[in-house]
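Residue numbering begins at 1 within each chain, and the chains themselves are lettered A, B, C and D in the order written.
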Amino acid sequence: MSIINPENLKQIKLTNTQIAWRAAQDIQDGAYVNLGIGIPELIARYQPQGRQVTYHTENGVLGFGEAPAEGREDWDLINAGKKAITLNNGAAIFHHADSFAMVRGGHLDLAVLGAYQVSQTGDLANWRVGSKGVPAVGGAMDLVHGAKAVAVITDHVSKDGKPKLVEQCTFPLTGVGCITRVYTSLAVVDIQHQKFVLREKLPDLSFEQLQSLTGATLHVENEVATLNAPPID
Amino acid sequence: MNCTTLPLADAVSVIEDNSVVMISGFGGSGTPIELIHALIDRFKASGSPNNLTIINNNAGTGKVGIAAMIKLGMVKKMICSFPRSSDAHAFSEKYLAGEIELELVPQGTLAERIRAAGAGIPAFFTPAGFGTELAEGKTVQEFDGKPCVMEHWLKADVALIKADIADSHGNLTYRLAARNFSPLMCMAAHHTVAQVSQLVNPGGINPEHVVTPGIFVEAVVEVPNPKQEELLIRAGEDYT
Amino acid sequence: MSIINPENLKQIKLTNTQIAWRAAQDIQDGAYVNLGIGIPELIARYQPQGRQVTYHTENGVLGFGEAPAEGREDWDLINAGKKAITLNNGAAIFHHADSFAMVRGGHLDLAVLGAYQVSQTGDLANWRVGSKGVPAVGGAMDLVHGAKAVAVITDHVSKDGKPKLVEQCTFPLTGVGCITRVYTSLAVVDIQHQKFVLREKLPDLSFEQLQSLTGATLHVENEVATLNAPPID
Amino acid sequence: MNCTTLPLADAVSVIEDNSVVMISGFGGSGTPIELIHALIDRFKASGSPNNLTIINNNAGTGKVGIAAMIKLGMVKKMICSFPRSSDAHAFSEKYLAGEIELELVPQGTLAERIRAAGAGIPAFFTPAGFGTELAEGKTVQEFDGKPCVMEHWLKADVALIKADIADSHGNLTYRLAARNFSPLMCMAAHHTVAQVSQLVNPGGINPEHVVTPGIFVEAVVEVPNPKQEELLIRAGEDYT
């Protein structure tokens, strides 16, 4: 049968760190990149050797490095997630309007964000799940229309098993037609001409199984490669 | 040049009931905690200022700073991009009880609207927010095939900001990423009050290193060794 | 007779430096001021003792001082008229967009410009006299809508004797309804409620003579003060 | 990071016929004379690039720099605020003969349009120019009772700019008032080439003193002891 049960899925799917690792492999040497708060931030840890990537944070730093040792934090030097950071040599500091000039003026090569839902037309919903609670948007609506490429990194299905790749988003939108690539726990999917195009999938999952976990038609062009990620912690 | 040097209490006396107040900072970085607490002192003593509209990226955390202002009932409305946080109870409780208004603005649009106010640009177009509920009711126009939303400038009566070094003309520098919204808010407010760690004579700042020229600053308060809001929050301090 | 002949006029009228002196008396301590290229620049020389005035130049300097000694020029440090300047203590340097944010954002207390014509509704024409020649506008169109007050300093009549204070400008406009005060070689005139209101006139000139040299009705509110300026070179 | 260090001739090889090129400077202050003359060398040797649209505050003076480009016939159109000067014969002659186009823009609008291009703002409103012939045909809208003109962003294929110190990531500082349009042009051009007096290693510029972050710069050319255009003009030099 082509339907995979949740227990099996849990065993074969990539962890968040493995998805982050996979996304990191595609970031080019010399790129300027903004990583969203949370899972996307993990990508920086898996930057391939020999590539220099400059990370941007909304609150006005380009070229920040790793977190300082505990107890060595300078709370005037934080990232958009309000975590303490350090500066690499060649870093630059600027105010918020200049920071978003970089974002909105098309100067970043890549932004990677989390998602509640992504539609086959590239719409993203990632800022609230309904009309309850306290809404908060941050820089997501700016990033999705600014960076040269905007990718999403996400579990393939929600915690309650619902597809996150859908025909149309039902949650409030963050942006319209802005996402070009999705890295999930099961697959790598491009969005082209308003269609999901499958590029890679886990070897232990059939196309039919993957389709059954996806809320819109998965198209195939040429070959579908094998999605592999090394075991990480 | 027409910038004056004042004690904390005098510096915040310009804020009236119903004022629109910009407060600098992103998290604890750049938050003028001494100015905010001087304003709270005044409110505790006199019941004023109240019904304030506060413009900041967030909506306060813990029980100090903007969160304390909200908890004490000084704030009628927040204009911000990210009022949610792990410890933003003050705002959440008031908001969910319908006791505080919220104007939610994408972070880049917030920064650009503040700059626009300072630069005399009444409105501009941006693709940010198009097709979302934050753009509902706004004018949309296409440029190069891309639909854009018209956004208006965002002005304030007063800005309370934190800088590092000031000279007596009001020229300012900032420490590390504590710069964030401050230079923009200085431009956009009718009256800007800067708390600074160090006050120097004219000539004490290299003209090429000035980040905020003194023309944007009306008053300077010297607060050596200012408190870091993040540390106050972590220590569980309560200013309500 | 109330018409004054050109020869007499030449003898009694203020020189450009005297008009500049008169304008300088009105600049308040602590003011931020932009002086247009040419005659308006002279104003800085006659700043009254004890007043601190900060001068702004469009190309990105606030707080500049006098010209350097000849031979000591640094041509990276010039004003909008491309003349070498020096920096006072407390000066600040910034880029062109920040410079015009100061201008257009209403941060300057005063701008003083030259004029070909000023209308009784506050329109200014000062950038070209017709459709011939090479047009050039510079920062004038920005200054007239930005500074808190915009004054004009000018001869009362043109070189060929025509009034420069007029009902309606015939030369191409720089700005609409933007001028609030005019310092001329014969008078100080405010523009209020779309009317010229005479504030000061030279003692050797009758109201009728001044009106005959003006292209629109001069109104009087309260007293007209005597316009005096010391002899300057 | 993806910024490369090149000789002058290579740096200007990216400019093609019909390109839109921003050139920094205000008078001789901030004019990248070595980059311009390298471009002229290429034109003299190959006849290319030609039909250029040049964006600068002025339109060249004397017989060097932009004036020489105009005189040699490299320029199809100038976009500037002040093409008139005591010694702007190159432009005046071509203009009065109908051999060069002119888009005249108020100086503040010029600066803001360039910044808008860099900041992803396709259009904005300003009162500057309202009611004048420079606003003819433009959209007008009132804000707070003040009529404003809609102005569009101004982009370029290439920017040639002059800075003072660069690190190998392309972070830049500027000398005195030579800053003027450079930081804006770096943001607004698809490809920015900066000539700098000194190239240092990453870490050689204090991150708080960076004026143009390297993300806005594609190529850096080290030109120690650059020439000052003002002095070339006063000396009567002729590069045509």
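We take it that contacts are C-beta pairs under 8 Å (C-beta built on N, C-alpha and C of every residue); 3 or more make two chains touch, one makes a residue touch a chain.
For clarity, every value in this text was computed on a predicted model and none was experimentally measured.
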{"item": "Third chains touching both subunit B and subunit A", "value": "D"}
{"item": "Averaged-CA centre spacing for the pair subunit D and subunit B, given as whole angstrom", "value": "35"}
{"item": "Geometric centre distance via CA averages, subunit C-subunit A, whole Å", "value": "58"}
{"item": "Junction residues of subunit D - those touching two or more other chains", "value": "112, 115, 119-121, 126-127, 175-176, 179, 207-208"}
{"item": "Multi-chain contact sites of subunit C, meaning residues that touch two or more partners", "value": "61, 87, 93-94, 97, 100, 103-104, 145-146"}
{"item": "Chains that touch, pairwise", "value": "A-B, A-D, B-C, B-D, C-D"}
{"item": "Residues of subunit D touching subunit B in the complex", "value": "112, 116, 119-127, 141, 143-144, 146, 148, 152, 173-176, 179, 207-209"}
{"item": "Touch list for subunit B against partner subunit C, complex", "value": "1-2, 115, 117-121, 167-169, 171, 187, 201-203, 207-208, 210, 213-216"}
{"item": "Subunit C residues within the subunit D interface of the complex", "value": "57-61, 74-78, 82, 87, 93-97, 99-100, 103-104, 123, 133-142, 145-146, 172-176"}
{"item": "Footprint of subunit A on subunit B - complex, ascending", "value": "26-30, 81-85, 88, 91-92, 95-96, 102, 104-112, 114-115, 126-134, 175-184, 211, 228-231"}
{"item": "Partner subunit B, residues of subunit C touching it in the complex", "value": "29-32, 52-54, 56, 61-63, 87-94, 97-98, 100-108, 145-146"}
